[in-house]
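The structure is given below, and queries will be raised subsequently.
Just so it is clear, A, B, C, D and E label the chains in written order, and each chain counts residues from 1 on its own.
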Amino acid sequence: SQRLILTGSSTVAPLVGEMARRFESQFPGVRIDVQTGGSSRGINDVRKGIADIGMVSRQLKQNENDLYAFTIALDGISLIVHADSPIVSLSKTQIADMFTGQITHWSVVGGTDARITVVNKAEGRSTLELLLDYLELKNSEIKPHIIIGDNAQGIKTVAGNRNAIGYLSIGAAEYEVKRGAPIRLLALDGVQASVKNIHNGSFPLSRPLNLVTASEPQGLIRQFIAFAQSSQVHDLIKSQYFVPVDAD
Amino acid sequence: MQTDRLLVGFLRVGAMVSALVMLLILLFLLLESWPVLSQLSLLRFVVDTSWHPLEGAYNLMPMLSGTLLASLGALLLAIPLGIASALFIVFFAPSYVASLYRRFIELFAGIPSVVFGFWGLTTLVPLIGEWQPPGASLLAGVTVLTLMVLPMVALTAYTALAAVPEELFRNAAALGLSRWGMVRGVALPAARTGIIAGIILAAARALGETMAVLMVAGNVVQYPESVFDPIRTLAANIALEMAYAMGDHRAALFVSGLLLMALVMVLSGMAGLVEKQSHV
Amino acid sequence: MNTNRDAFTLGPLESGPACCVPQPIIQVKNLSLRYGDKIALDNVTLDVFKGCITALIGPSGCGKTSFLSAINRLTDLIPGCSINGRILINGQDIHAANNNVQALRRNIGMVFQKPTPFPLSVRRNLSLPLNEHGVIKKSEVAAIIEQVLQDVGLWGEVCDRLDTPALSLSGGQQQRLCIARALALNPEILLMDEPCSALDPIASGVVEDLINRLQGRYTIVIVTHNLAQARRIANYAAFFWVRERTGQLIEFGRCQHIFESPNHELTAAFVNGHRG
Amino acid sequence: MFEMMQRIRELSVQSLVYLAALLVSAIFIWILSDLVRGGIAHLSWEFLTESPRDAGRAGGIASILVSTILILLVALVTAIPLAWATAVLLAEFIPITSLFGKVVRFSLYVLAGVPSIVFGLFGNAFFSIYLGLGFSILSGGLTLACMLLPILTATAEAGLRAVPDNYRLSSAALGMTRTAALIHLIVPAAAPALVAGLLIGIGRALAETAALLFTSGYVDRMPGSLLDSGRALALHIFDLSMNVPGGDAPAFAAALILVSLLLCINILAMKLAYDLQRRKMMI
Amino acid sequence: MNTNRDAFTLGPLESGPACCVPQPIIQVKNLSLRYGDKIALDNVTLDVFKGCITALIGPSGCGKTSFLSAINRLTDLIPGCSINGRILINGQDIHAANNNVQALRRNIGMVFQKPTPFPLSVRRNLSLPLNEHGVIKKSEVAAIIEQVLQDVGLWGEVCDRLDTPALSLSGGQQQRLCIARALALNPEILLMDEPCSALDPIASGVVEDLINRLQGRYTIVIVTHNLAQARRIANYAAFFWVRERTGQLIEFGRCQHIFESPNHELTAAFVNGHRG
């Protein structure tokens, strides 16, 4: 039997896991292992040949253009606060000031007179890298109050704390809001954080979800990538609140 | 005789392999951390501005202090509660309550740290957050750690107390000592070594505990100013960053592993000293 | 109970009354003792005389230890152990509702077969029970400690190492320390359960001498397997035997009588070494 | 006056101890009831027999249970022979003072204190990468085996030492070899202790998360071979609660199952200890 | 060593030779025994005569058990125990390089103070050592089992429950089973370490009778604390004493001599109950 090993981004992994399951049921005898560990691990493993395909939840960087990337879906990062918070929108500079500790109270940006709890992600996560890129900051400049590993922890933290601000994948966030989690997605510079705005490209903090390979994909690898980009899996992408790319 | 010799040879090989595991672990920790250890001076782990391995800053001290503070706090709470629990079982409770309570504690000694962490995450952290945001904090870490090591302290103290020869108690009773007089004057001194050994074991457990603390302590690399500040422990640091770490970052994480090992070895040494003292 | 300490230090131990008075201090009446279903002692009636040494003899398992434990209510500690019958001490029922067990046990010292000093220093071994019974003043405690260590002949041997662990003493010293610990509380009665049998012959001789010297001042009930020893030190002897797994008192009387002209043939067989 | 004070002291100590016991019980009951309340609704027969779907939000934990058991088996099959051989050697064949014995004992003693996350680091570096086993049930199981070694050895050694010396002396006096005495008398007599130690080890292994994080991996599918990655139950709970939005209910349910499993093992161990005690009373 | 089993079943036990022959079977020459630094036995020289019962008497800790253990090299099992001097059995040094310990121990049965049946069935208790020594044939094993149980007078009591656990027997039965287990290997010598002292008086009497009946057929060395018992059953007696924490052999001779006109005053004091 044939086997594919995929490693990388924890944002992409659940989606690809579902895709893999469907792929296997169509091609019996194929076995696909999906491991998480972050985008940089995906890149690393593909380069070392440990994995056949890497999952990367961002654009490839300059020094990574030895790899081949295939976008399977889009995702955006949204800043989130507790649903009880009066804040609905923040600007890029306000966010940067909050994350660097220059703004310490919500009252400064029009909220209650409470301390802000900044929720940051652990070093190496692609959502963190994306946000840092956008805010043009270094991680060492950020003064967090809580550091979390993965998405759900961020949702729990913000849902359990009226004064927290965090960020995470819009897909995950919208899903949780639908499930009734008391969080709100903040508009960024006036643009509402929503799947629609990612789709039309107006939301500034968005990213592609990529599969990457070390060389031109062949055989089973190519088959799987094609499958992942086909419309057969759009229902899976939507059910995970990501945005299919076929639109254009 | 022949069979005896054959068997012993066989057993020796087994024992040798068992003993080698420890060496192997040390060897691989050193090997993996070598890239960083050989390039950087050890001082970097103490004087760097902070822990930002991707930006070349490797200060482990905030995490070391976090580890020590959390463990210390947990011990401070768990020792009195644990010893009181053991006393409750051995001296104070009626026998069926005592055995029930002991089973209860035994059950909790086996509960995985993940479950405690999960409970802390869903119940405790929001509770503390209501009162003193953000909730994920040294206090939450200490509480969850306390819950985890308390059964250990209680059970080892119980074992030590139960091992005190019955004759001592009969003697104490024959002298007309009150119950507390017996406990404080005879039982606790006689069980001292066992209790201390248990506490040291619990300390080692607290230092090395990973998942539960990772889930509730906030994981910010800093020196906490109050119990409501979040902290990150060495073990949590490894679990948090290992999956995404590469190159020097990975090696630096192995250095934190080494540091943890060193802490545990110091504790083992202390336990050894306690043992020796008991043989007076 | 005599809590007046001055009455205790009435001069060196040797000057106590030479022998005992035939006046009962412990009266055991129809005592039966069971462990769960097992009857360990059946219907024992016996008077122990003031100032005398009474030896309990009999084969293993005949209930001697159980008998001793009933007197200071140590049996209370054994789950499943129940007692029928009455035990009076100085005419007072030890099971009377208003009787304070702690005070009772203070008045009845007990020494066990195995020397069991507490794992504390020599000094603390003696001061702990004193403190527990309200003797707190440092000087007073120190005085009592010296007194009782003198009494058991240990003062010369340990006075310069009162703060070393008691467990570092030799077996015989440990046993004498245990006796001293019991004496420190100034009891009227001393119960001794084979106090010499775990000691080597020389230490055993020293302890035996000590018991001899204590005679007259304290009422002593001693269990011993060593018939020769019983003969050497006791004024009275009680012979227990086990019948159908139940302990019984067969004969009680003056020591000489029991050993030389017992009434009961079992006693005769036992003391002459034909049985048991 | 003095008696009065002593009574007060007795009473206050007693109430403090009762209070502590009450507090501890209350907290633990709180935790247990939280688990039951959160998980009972999600429990069903399907939860046990289906594999997880939708990252664990739906479906069950069948594949997780299988992986857990496989990891456990690998660990036990590796650790038991080594640990019991070591224990027999230490308890029966070499004097307490022997240097070799001291070295082995010391290294196991240190091993017992090694934090599980460090085992995880080691397992990742040695089994997964150096030996090339990758993220697999095999590397996870072998890592756990290293962790179980000291526990199994210590319990087995204690069990063997608790066997009355008179078995050894009387069998030797009958001219039996030590091997024969070991096989026919000592190991059977120590068997309950050995099994009790084994159960403790199994309990520890089932509860383990940190050591498996980087060795047996995250894959939640039914494993096809020992070289496949497999997610252990404890790790599943961690992942559901930390990494899967909406994973709380299944996490509670999985935690409930894990705790019940451990409870069963605990009860079994207790029953063994009880039998052991009874047997001792008979001797 | 007599491995010919036929020589063993030479008729019912009662018909053995009535008394012993003054011909040494065990010769102990200048035996010293130490545990680490502690000298437990110092320079003991003693001959044990064939077919006789030799009693070892003396206070606790004087090294009687150690002496017995040296004879069948059980001391090999005790870490730190070292031996000087020679022990000859039938003229052969037991420490000689070519001497097989297992065979030596097969030839020397040993019975301990506490009855130590294995936690197996009655039958298995007896068959296990036989199997280990190569007696495997079922019928042969069964015959030996019946024979030895007859010899110790246990056959009638247990023949219908050979497969029940040996631990369910009473203490006296257990002790006789242990003796039977030793006899099953057909030894020449039996070492007994206070075989009656853990038994109740009646069981003790039964075991004592058994030992008496074994006299003549086996060479028996028995330790006992019960002087009357030693007097009743032994042909020879060896008196040990402890001096400066070291065990010594004080006197050895015919039993009557030791008990009635000992040469040494320590012996006299001990057998008359003045010391120890």
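In this section, a contact is a pair of C-beta atoms (placed from the backbone, for glycine too) under 8 Å apart; a residue touches a chain by one contact, two chains touch by 3 or more.
Source: prediction; values computed, not measured.
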Could you tell me the least number of steps, going only between chains that touch, from subunit D to subunit E?
1
Among all other chains, pick the one whose mean CA position is farthest from the mean CA position of subunit E.
A
Count the C-beta pairs in contact for A-B and for B-D, then report the pair with the higher count.
B-D
Centre to centre, by mean C-alpha position, how many angstrom separate subunit B and subunit D?
16
Report the inter-centroid distance (CA atoms only) between subunit B and subunit E in whole Å.
54
What whole-number Å value describes the gap between the mean CA coordinates of subunit A and subunit D?
37
Per-residue overlap in subunit A, given as positions that touch at least 2 other chains
36, 149, 153
Per-residue overlap in subunit E, given as positions that touch at least 2 other chains:
101-102
Please output the residue numbers of subunit B that touch at least 2 other chains, ranges allowed.
1, 121-122, 178, 215, 243
Using the touch rule from the top, collect the residues of subunit E that touch subunit C in their complex.
59-61, 197-198, 200-201, 204-205, 226-229, 231, 241-242, 245, 272-276
Under the stated contact criterion, what part of subunit D meets subunit B in this complex?
6, 9-10, 13-14, 16-18, 20-21, 23-25, 27-28, 31, 34-35, 38, 81-86, 88-90, 93, 100, 103-104, 107-111, 113-122, 124-126, 130, 146, 149, 153, 177-180, 182, 203-204, 206-210, 213-214, 234-235, 237-238, 241-242, 248, 251-252, 255, 258-259, 262-263, 265-266, 270
With touch defined as at the start, can you tell me which subunit A residues reach subunit D in the complex?
10, 13-14, 17-18, 21, 31, 33-36, 50, 149-153, 155, 172, 175-176, 179, 181, 239
Interface residues, subunit B side, partner subunit C - complex
95, 165, 167-178, 181, 185-186, 189-190, 280
Quick check: in the complex, which residue numbers of subunit B touch subunit D?
1, 3-4, 7-8, 10-19, 21-25, 28-29, 31-32, 80-81, 84-85, 87-88, 92-93, 101, 103-108, 110-119, 121-123, 147, 150, 154, 178-180, 183, 201, 204, 207-211, 215, 235, 238-239, 242-243, 253-254, 257, 260-261, 264-265, 267-268
